[in-house]
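Common to both upcoming complexes is chain A, partnered first by chain B, then by chain C.
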Partner chain A sequence: MDNLQTLKQAFTTALGIDAAAVTDELTYNTIPEWDSTAHMILVAELENVFDVMLDTDDIIDMSSVAQAKLILQKYHVSFG
Partner chain B sequence: MSASDSQPFHQTSVLVTGVTGGIGHALVSTLVDAGATVFGAARGNSGLEALQSQFGRQFHPLCYDVTDESAVKEAFRQLQKQVSDGLAPPLYGLVNNAGVMLESPLSVTSMDKLKQQLNVNFLAPYQHMQLASRLMSRLRRGSIVNVVSRGGQSGSNGMSAYAASKAALEGATKSLAKELAPVGIRVNAVAPGFIETALTSHYEGDARHQVLNRIVQRRAGTPQEVAEAVVYLLSAKSAYTTGHVLPVDGMFSP
Partner chain C sequence: MTTQSLSGRSPQEHYETLYSALLEADMYNIAQADKEALLLPLFKLLHDWHLTRSVHYHRLFGHTESPEEALAELPYLAVRLFKQLALKSISEDQLFRVLQSSGTTAQVPARVFLDKDTSARQSKALVRIMQHFIGKQRLPMLIIDSPAVMDKSEFSARAAGIQGMAFFGRKPVYALNNDMSLNEEAICAFAKQHNNTPVLLFGFTFMVWLHFVKALQRRNLKIALPKGVLVHSGGWKKLSEQQVDNSTFKQTLKSLCGLSHIYNFYGMAEQVGSVFVECEAGHLHAPLLADIVIRDPISLAPLPIGKVGLIQVLSVIPTSYPGHSILTEDKGQVLGVDDCSCGRKGQYFAVLGRLPKTEIRGCSDTGDKA
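Take a look at the complex of A and B:
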């Protein structure tokens, strides 16, 4: 599984949504499944699957799938 | 009795701050006896080395200042690396035990002293809960126990900064119990009264007598009695308890 697939899998696991719904445009608090509790689970899932420890500022900024990709690149996770 | 009865913390890690004090040492000892792997935090290496030689592989020392934000993050990185490398079980518990107690009337309490109380007794535990809860939420289970104070609930003459810092932590305890329940994490506190530790060793003669007269049980508590209460709240025996502050004070009126 490449990093993009791993990222999508993390979102589907944490938010309980279909993989098809995980697009760059998907944004925090715009769907019922991505609330503050799910956000915490999502962060834990991303940290777990990519073996990173995110800074709090990055967690605050992680407001969309596109943002998540940008932030993870700071932690040497590339998306091709 | 099964192994899980005698060692309820088998295959779990617990991070304890302030392990070189009286209550900290009792916490480490009680948790190790219960089968836990303990990550013990303190500022001084010598105290940590003594604990490591006493408790062996079940004790993992972490030397840092709890008020140093970067050092706290680095400590959590070290902890998680040991978990990832299979050297320790996943983090299940956190005990925010490190604290300082300032006895200082309002008129002579400098802003620096007030900030130090808030930094050690409230901001540091808050950051620890933030980082620990992220590791615990991976497994959807965890238990956090904060060591607060009876003075935080009732007020204490000449100790307003200390009492305020502990009251802040108590408020965070109850709020985070609500916030973290959906991810399987319980948050509780113990509120020790007058306990025989280095923090209270200067109470002698009349001063000690006056304090003991305000305790229904007419004696000081022991670090072990506090540790037993903390370990109960950490354990599955209190699985249906969260947002609770458990006094361990012999019914003390500060």
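Take a look at the complex of A and C:
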């Protein structure tokens, strides 16, 4: 699985949504499934699958799928 | 005064620009005079904003000029109005969540109406302020509460506090069971796993004392978290019969859990995110995003350094409800400005309990029941 697929899978698993819903534009708190509680589950999932440690700035800034990619790139996770 | 004239931006854009700049600045490194100069335009914008959006705010302060020179000129809402009125500056479709402060069961809860923007600002502000004390990293976290607090259908101030601090945590563990008894198994496993690494503990002051400290003592249990940081909030008023003060609290937690890094913060459920953290010298500090004014309980005139009066809290965070300036029912005194031994700039102060109910003479307390 490439990193993009892994990312989509992490969102799907953590938020309990369809893979098709995981687009760059998907934004925190705009769907009931991505609330602040789910956000912490998502963060744990991303840390787990990409083997990274996100700090408080990262998780506060991670307000969309596009942002998540940018933040993960800081930790050398590349999305092609 | 027109905010529109400033490079043609809307008041909202102007507010966002000024607010973002503040959030990026050092929370404790700006001297009081410079800080007030930065805050004044934001509070003017907020005052005008809420005048045009909140019926109640307009009715109370429609004839009050926006502040021109000092933050103390800003009008303030008595905190009890949050129990009596639906204070909103948003339409129904913008409503994201209603925060309810618990209080006692006999009381009407205070209601705070949040949209997404204000809610996001609250989380970010709390993170920026707390980072200053506990760092940016996230730590294994022991929450001194029961998991049931998060399940309630209404969003309580306790849940909001836990959720805010959870940004600093990893793999949160709840220290209490749903019946508020000590989850000894969970606590011991947590302590065993992290006995020599940094961890974060968070809870409300009375929960930490009544349901954690007291329960550990009853069971003759000690746990070792020498690298732990405890953050707690909520005040001492529920502990007044217990004769617990800040130093007893700290000493007891040191001897029971080996904790030597303990941070207390003062904050209102009506101004979530805007918190006043106690420094190493034991003083509460106003961060850049917030400030306080001490007022005479009778005349309500601002009081100078050292005088004890009612605490008015100011916060640049709320746009969805008119809660940027609130007169609390807490007594306090400003201890100094820009010269705390910890090095932080701005005002530092002490909270000295609550004013007895009968002494509170609420200004602007004439609202209709909503």
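Annotations for the structure displayed:
To be clear about the criterion, the second predicted complex is superposed on the first by the 80 of 80 C-alpha atoms of A that agree within 3 Å, B and C clash if a C-alpha of one lies under 4 Å from a C-alpha of the other, contacts with A are read in each partner's own complex, and residues count from 1 in each chain.
In this section, a residue touches a chain if its C-beta (ideal position, glycine included) is under 8 Å from a C-beta of that chain, and two chains touch if they have at least 3 such contacts.
This structure is a prediction, so every number in the text was calculated from the model and none was measured.
Contact with chain C, but none with chain B, is seen for A:Ile60 once the two complexes are overlaid on the shared chain. Judged by the touch definition given at the top, the superposed model places A:Ala21 against neither chain B nor chain C. By the touch criterion stated above, A:Thr37 is placed in contact with chain B and with chain C alike.
By the touch criterion defined above, A:Asn29 lies against chain C but remains apart from chain B after alignment on the C-alpha atoms of chain A. In the superposition on chain A, contact of A:Glu45 is made with chain B only, not with chain C.
Chain A residues 37, 40, 44, 53, 55-56 lie at the interface with chain B in one structure and with chain C in the other. Considering their complex, residues 29, 36-37, 40, 44, 53-57, 59-60, 63 of chain A touch chain C.
The touching residues of chain B, when paired with chain A in their complex, are 73, 76-77, 80, 84, 130, 133-135, 137-138, 182-183.
Across the complex, chain C meets chain A through its residues 96, 116, 119-120, 123-124, 127, 131, 136-138, 150, 163, 166-172.
Listing the residues of chain A that touch chain B in their complex gives 37, 40-41, 43-45, 47-48, 51, 53, 55-56.
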